[in-house]
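What follows is one structure encoded as structure tokens, with my remarks underneath.
Order as written gives the chain letters A, B, C and D; numbering starts at 1 within each chain.
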Amino acid sequence: MFIEKVASPGLAHLSYVIGDGGEATVVDPRRDVDIYLDVARREDVRITRIFETHRNEDYVIGSCDLARRTGAAIHHGGALDFEYGSAVSEGDTFEFGSVLLSVLETPGHTDESISLVLADTSFGEDPVAVFTGDALFVGDVGRTDFFPDRAEEVAGLLYDSIHDKILPLGDDVILYPAHGAGSVCGDAMADREFSTLGYERRHNPALQTNGRHAFIQRKIDEIHYYPPYFRRMEELNLNGAPPLDGLPVPAPVDPDEFAEARDDGMQVVDVRSPEAFAGAFVPGSLALPLDMVPAYGGYFLSYDRPIGLVAEDPAQVETAVRSLIRMDYDNVCCVLRGGMHRWETSGHEFDRIGRVSPAELWEQIDKGEDFTLLDVRKENEFQSRRLEEATFVFLGHLPDKLDDIPRGNPVTTFCGSGRRAIIAASFLKMNGFEDVGDTLGSLAACRKIGCPLVGDDAD
Amino acid sequence: MFIEKVASPGLAHLSYVIGDGGEATVVDPRRDVDIYLDVARREDVRITRIFETHRNEDYVIGSCDLARRTGAAIHHGGALDFEYGSAVSEGDTFEFGSVLLSVLETPGHTDESISLVLADTSFGEDPVAVFTGDALFVGDVGRTDFFPDRAEEVAGLLYDSIHDKILPLGDDVILYPAHGAGSVCGDAMADREFSTLGYERRHNPALQTNGRHAFIQRKIDEIHYYPPYFRRMEELNLNGAPPLDGLPVPAPVDPDEFAEARDDGMQVVDVRSPEAFAGAFVPGSLALPLDMVPAYGGYFLSYDRPIGLVAEDPAQVETAVRSLIRMDYDNVCCVLRGGMHRWETSGHEFDRIGRVSPAELWEQIDKGEDFTLLDVRKENEFQSRRLEEATFVFLGHLPDKLDDIPRGNPVTTFCGSGRRAIIAASFLKMNGFEDVGDTLGSLAACRKIGCPLVGDDAD
Amino acid sequence: MFIEKVASPGLAHLSYVIGDGGEATVVDPRRDVDIYLDVARREDVRITRIFETHRNEDYVIGSCDLARRTGAAIHHGGALDFEYGSAVSEGDTFEFGSVLLSVLETPGHTDESISLVLADTSFGEDPVAVFTGDALFVGDVGRTDFFPDRAEEVAGLLYDSIHDKILPLGDDVILYPAHGAGSVCGDAMADREFSTLGYERRHNPALQTNGRHAFIQRKIDEIHYYPPYFRRMEELNLNGAPPLDGLPVPAPVDPDEFAEARDDGMQVVDVRSPEAFAGAFVPGSLALPLDMVPAYGGYFLSYDRPIGLVAEDPAQVETAVRSLIRMDYDNVCCVLRGGMHRWETSGHEFDRIGRVSPAELWEQIDKGEDFTLLDVRKENEFQSRRLEEATFVFLGHLPDKLDDIPRGNPVTTFCGSGRRAIIAASFLKMNGFEDVGDTLGSLAACRKIGCPLVGDDAD
Amino acid sequence: MFIEKVASPGLAHLSYVIGDGGEATVVDPRRDVDIYLDVARREDVRITRIFETHRNEDYVIGSCDLARRTGAAIHHGGALDFEYGSAVSEGDTFEFGSVLLSVLETPGHTDESISLVLADTSFGEDPVAVFTGDALFVGDVGRTDFFPDRAEEVAGLLYDSIHDKILPLGDDVILYPAHGAGSVCGDAMADREFSTLGYERRHNPALQTNGRHAFIQRKIDEIHYYPPYFRRMEELNLNGAPPLDGLPVPAPVDPDEFAEARDDGMQVVDVRSPEAFAGAFVPGSLALPLDMVPAYGGYFLSYDRPIGLVAEDPAQVETAVRSLIRMDYDNVCCVLRGGMHRWETSGHEFDRIGRVSPAELWEQIDKGEDFTLLDVRKENEFQSRRLEEATFVFLGHLPDKLDDIPRGNPVTTFCGSGRRAIIAASFLKMNGFEDVGDTLGSLAACRKIGCPLVGDDAD
């Protein structure tokens, strides 16, 4: 019996292949399903079932494609009216080899959320592991902000699912959640991907509240963001995503053709590092450092216009394409051949972003220089610790709040480390702001060098 | 400027990616086109053109799928009415980067055959290489047996194509043919994949004949075989093959299920080595050692019944699937999970083939034992050297000539090395012959140990 | 924080890389250490410490080579006088990133055995996982037969280590043992590689005994085997293995040269499948199906004579070489070029093994045919269920017990599935037995088809 | 028979594995010899011979390590007194399979230079290919500047070697040289890696001179550079390089430790792109964009001080390490963990380089701004086309000519594309120049946008 975890970085999405006796079940497959076929081939198992722990909102689930390739059946919870697959209910069981999977209905994150309990029948029917989807994570629990009208109700449902269904399985049960640290589906997940129900019961901060009421209050007080692409994911995952006919093959095009496409409306996405982007970029580009595509692409990218990539190498291109199609951005049409170097040597003008160190930033503030310090972190981060002079606009809201930022003045962007700041800086550049700098190091460096901070957790 | 050769073993098919200046042309792509996309990604080029040197008869050409993935244009010769792509004519040129490709019409193997001449314009317009399709190989020339009614005419056309079009390009031109040693499209190709026109002019045995007439006679005298699947390839390659939606994923199934499928008509193909097959096999299997699938599968396999595989490991399964889909056998439904070992431990009966060494064979002959020695090589091989007692049936003709082989008597199969003999042996077993042995080593070993041989070239 | 399990199949050895904060610790590295360097590079961590949970007896530990490549410190328990590294004691702690490792002294399997307890300091000091070496496995506990004079004492030590040290860490602690199913270091490990202390406490058969005394009695009653190579491993692992200067590169040699080397004393090891070996083999070969090299090579192979391999393909050769050097067999000098096929075509005589199906076997028994049925399983397997007519010699003891097997008579070898039986059959052939057959399927198939069995667990 | 080309980018070094009949010969192996072992394993051949076409000056040849791993014999020309291997002479032949290799003594580049002529004996003894080392390249011939006192003589020797030995082999012979485009061992090699003697005879610019005298004059007039590390290569390649015990494993270290090591004398090499370096870098770093390490590392790096790397990802680190050890820089001790991002967030100050576009540069010149425009190309490039205002210092001579560059003034570096300029810019920064910019695009872009140029080839 094996459990193979398949992680999709960026999304911090975790899917699983559970195999035994020549069969396998996949839990929450991603859209580019080749990896599950590889695992199955290597392990000599046939994928016969696919479970969706819930209707996902942050990525296109790969169930339909995987079913098409393998003939597997698709199952999900019954509280939503899916256009494909079949519904399972509390207590339903599925057996193959020595694996016994039982369904727990664990609503809260969404109504149709289920968990899957794994027993090894060669040792009895006691649970040895549980796949909790977005109900319980290592170090956190799932979001409950998707139904603002039912905020209290669904937070309570999640409390009950965890306390009445999942934790009673036993302290010794291993936890396999659907996300790891960095996911937009939770806030405080541990940077550790192994845990047990007992460990979480005693150490998960979200489970240390004083009773159901406090838990609900805590959930209601959380601030979450809802990227616009979620809506599309929800639809696709309800109706069944259309087949993905191989990964898109973006054509490498010369600078002239690339520039022309951009001028005709192509979205230029630059996945290089913040330093490289700041060094030189194609005017009109959006900076989306490679590993941030999943978390922030959905705030800035349109499904209606083609996407052209700027990258350092073919490996970056492939990663970018995979990240994008997982969000249904199949419209990646081309990549700048030869990268920035070729753009530069072809005589095209390039643009730049200033790089400010926290020490320099502090000096500018100290001297009373006139500029906008734009902090684009999440609201809770901003409340916790910030430079007093900072203006707050959450990065994802920048498209709607450009008017709040004074034009004419220099702008220095700021975040936790300088990475979200480069996205913001590039977006300001795209929108006509001329003098834009990124605070490389941002808050992390400010704390190291002792800049004075204000906020709830400032010393 | 680069030329990357993509070889498909078994078929001994050679395709090429020619790239420069951010663009690439593919010559004669195979059906599983992922490899060309990989090369293009790595080399940062866009595939913009696909050339078919001729309508291939031995494999499904991948042009349509590759065009669909990349947007490339497809070109072929004009003497056939293709349902897709566009025709090119003598003298047409195509330029990208420093590559200049010019079309030569080189009929003979087929009427619409073309060759592509490559010049490096940064050094002038002199040819540096030529892609000759099935006109000229290293050490041989193409078959001209596809039009029996026009035998003399087409052999003459080939002579003219080679002598009036290709060789005049110059001795110093590098040769890139569509097949290497082992292909069914030629007989005597060199086991060396690099050559020049000058070297071939002076050393290619087929070009050493005394003039046009002798060349034609030589071609007419050649014996070639025409596997039944060729007809299907010709149709697909004329009309355009339907898209291949990912490689088939054969399901690993347990022995019981495998046996049941076999009993319901599934063709069982065992791709293990002859020794392993002889050791134990699933009754009713056809032995097709992995690298012989392309050369002999087309004689024995039906498109109408599903195929189940027996293999040693997942790598063999993948190779088998790729070999089969290149011949349009997309009907690979399953693979015996756990291989023969699992079949045996599950209590299913297995069958065996006897293994006779040449010394033992000779001893049996010497003693006058009563058995059929069945030599399944090609006719020219048989004529060249053979054991006097041998009965000749070409392996590919065995399905039609079973009645020529006396039942009741033991049969010992024989070929060049024992590999074709195992296919024959398995086929006899499938058809009710009970006492069947394979001469491992066959003719090669007979010669080493000095068995008395007869035939045109026997010493 | 990550834990990456590195499994070495065959040995069923599990080693671990624990990383966080840019540092990593390796637990029980194998000898070919490239894989740990790969993990470290990919995860951007520096390997700073290596722990040996005990002086291993079944493989050469890679600590010294890994330390040489990385500068890492080596630690082991203090109850043995190692020539390298440094001793740690109960309660010693090691911290990096959020990882806190604490040492538990857990003697029993060996005196110097230690376990490592892992806490995630970002969540407190409670243990979240434990690396138990050969003390506690999933579904079993470690062997305690290495000190026959102290049998009771060491079994008791193990009981105390598990009950007083390991289990009290808590039900919710994840278990990371040094071996998985198939290891010679335990007998009944689960075919499942994930578990917790709570699950083991309640389900591990070895922990369900009625108290300390019963546990000791159970351990004393166990039958274990001690392959001769263990002695060498123990010495190397005490003194520190000499550097491995890259993997040996066995030269592909032609049949003539291979035969000559064999005649000069080279040990021929054939790692192909039992079916392929039975089909045809180089006379004088030992059959060691690839995945059985670690478990049985040490009973049959000498360190003093070179080893020549017969394999199906280069991947098998590499796996064989890795398996052998893990047991300090660096003396792999060559591989038969072109495999058996080339041997056969070169005119060399080959040998064969008969393949008997259980039904045929039963028929022979039923008819009262005169032959030796040689069952080479472990004694406990033999006691549990067997064919009444079987003669018992444990496979590993065959070299010493050849005289117990009557010559002249046919011998049919038998085991659980036919795989150990092929090793035995080849060994008999090497030693002059002429008529030897292997029962493919062996006991597993006998049970399926309902052969009458005797023994403690026979129905 | 196969020839497998192994290219080492950066060095533009080409080595070859020639295999047939189970044996292989390697020509000019690089120092990290694992790739030859991989080819040999895959092709089932034993490497029995290694040829060095000459004592290489630009990299450590891997002969000794490869011989140690395989038992192969090493051969080189006799005109130099090597401490290892054995000398071969004109006409010596070596045969394996159908391969016949014959030695041609082809001095000129060096006295002991040899070429290897390949015949396929199954087609006769006519040559089909020739391995010319550094005598004849595609589009160029070897350098003859290594013996300044014998300039005329050695250029004449090369002329004779090419005209009297190599070209007479025949127009139809395929050319396999030791370097491709980009090598420091020639100047004008074609960006095409396939050619024949006939094509070169008619198109290689170096062979179009009017007779021997003109050839010699042309060679004498060439300008070549001699990086200081060549001396060390020559010594190692004469005496035999010591074994490379696996690739160095640079430890990922935190910014504090990295900074401390730098302050203690560690050389910091930043292999990221020019844009990324310009964006932000560790003060005191040398920029060496990854693919330029081989060509320029040897001018700037010391063998006596450790090297610490800054890179984007682990793949870059491995490439850098391989490039460095090929030049005997085994002293790579560490890599900045987490790259620049981590440096920035840890609060360490970073530095920047200005990025000037050619248009901006021209505007500055036009306005008469006061700055040094430093052109670091090779002298012949500078003579050919330049901006009139440029100061010339060849990049490799910068360490010796720092005093020629006025301090205090801003410096804008310039080269062919902006890549060599970033190395120069970083070196100036290391040496206290404060205001330094890189002209991204440099001459290539200047030409595209029509900046006025002067020089021999300016329009």
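FYI, contacts are C-beta pairs under 8 Å (C-beta built on N, C-alpha and C of every residue); 3 or more make two chains touch, one makes a residue touch a chain.
All figures in this text were calculated on a predicted structure; none of them were measured in a lab.
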Applying the touch definition from the top, give me the chains sitting in contact with each of chain B and chain C. A, D
Can you name the chain that lies farthest from chain D, using the mean of each chain's Cα atoms as its centre? C
Taking each chain's mean CA coordinate, chain B and chain D are separated, in whole Å, by 42
Approximately how many whole Å separate the CA-defined centres of chain A and chain B? 48
Residues of chain C touching 2+ other chains? none
Can you name the residues of chain C that touch chain D in the complex? 22, 37, 40-42, 44-46, 69-71, 243, 245-246, 249, 251-254, 314, 317-318, 337-338
Of all residues in chain C, which touch chain A in the complex? 1-3, 20, 98, 120, 122-124, 126, 128-129, 139, 170-174, 190-199, 201-203
If you look only at chain A, which of its residues touch chain D in the complex? 272-280, 312, 315, 339-341, 344-347, 349-350, 352, 355, 357-359, 417-419, 440-442, 444-449
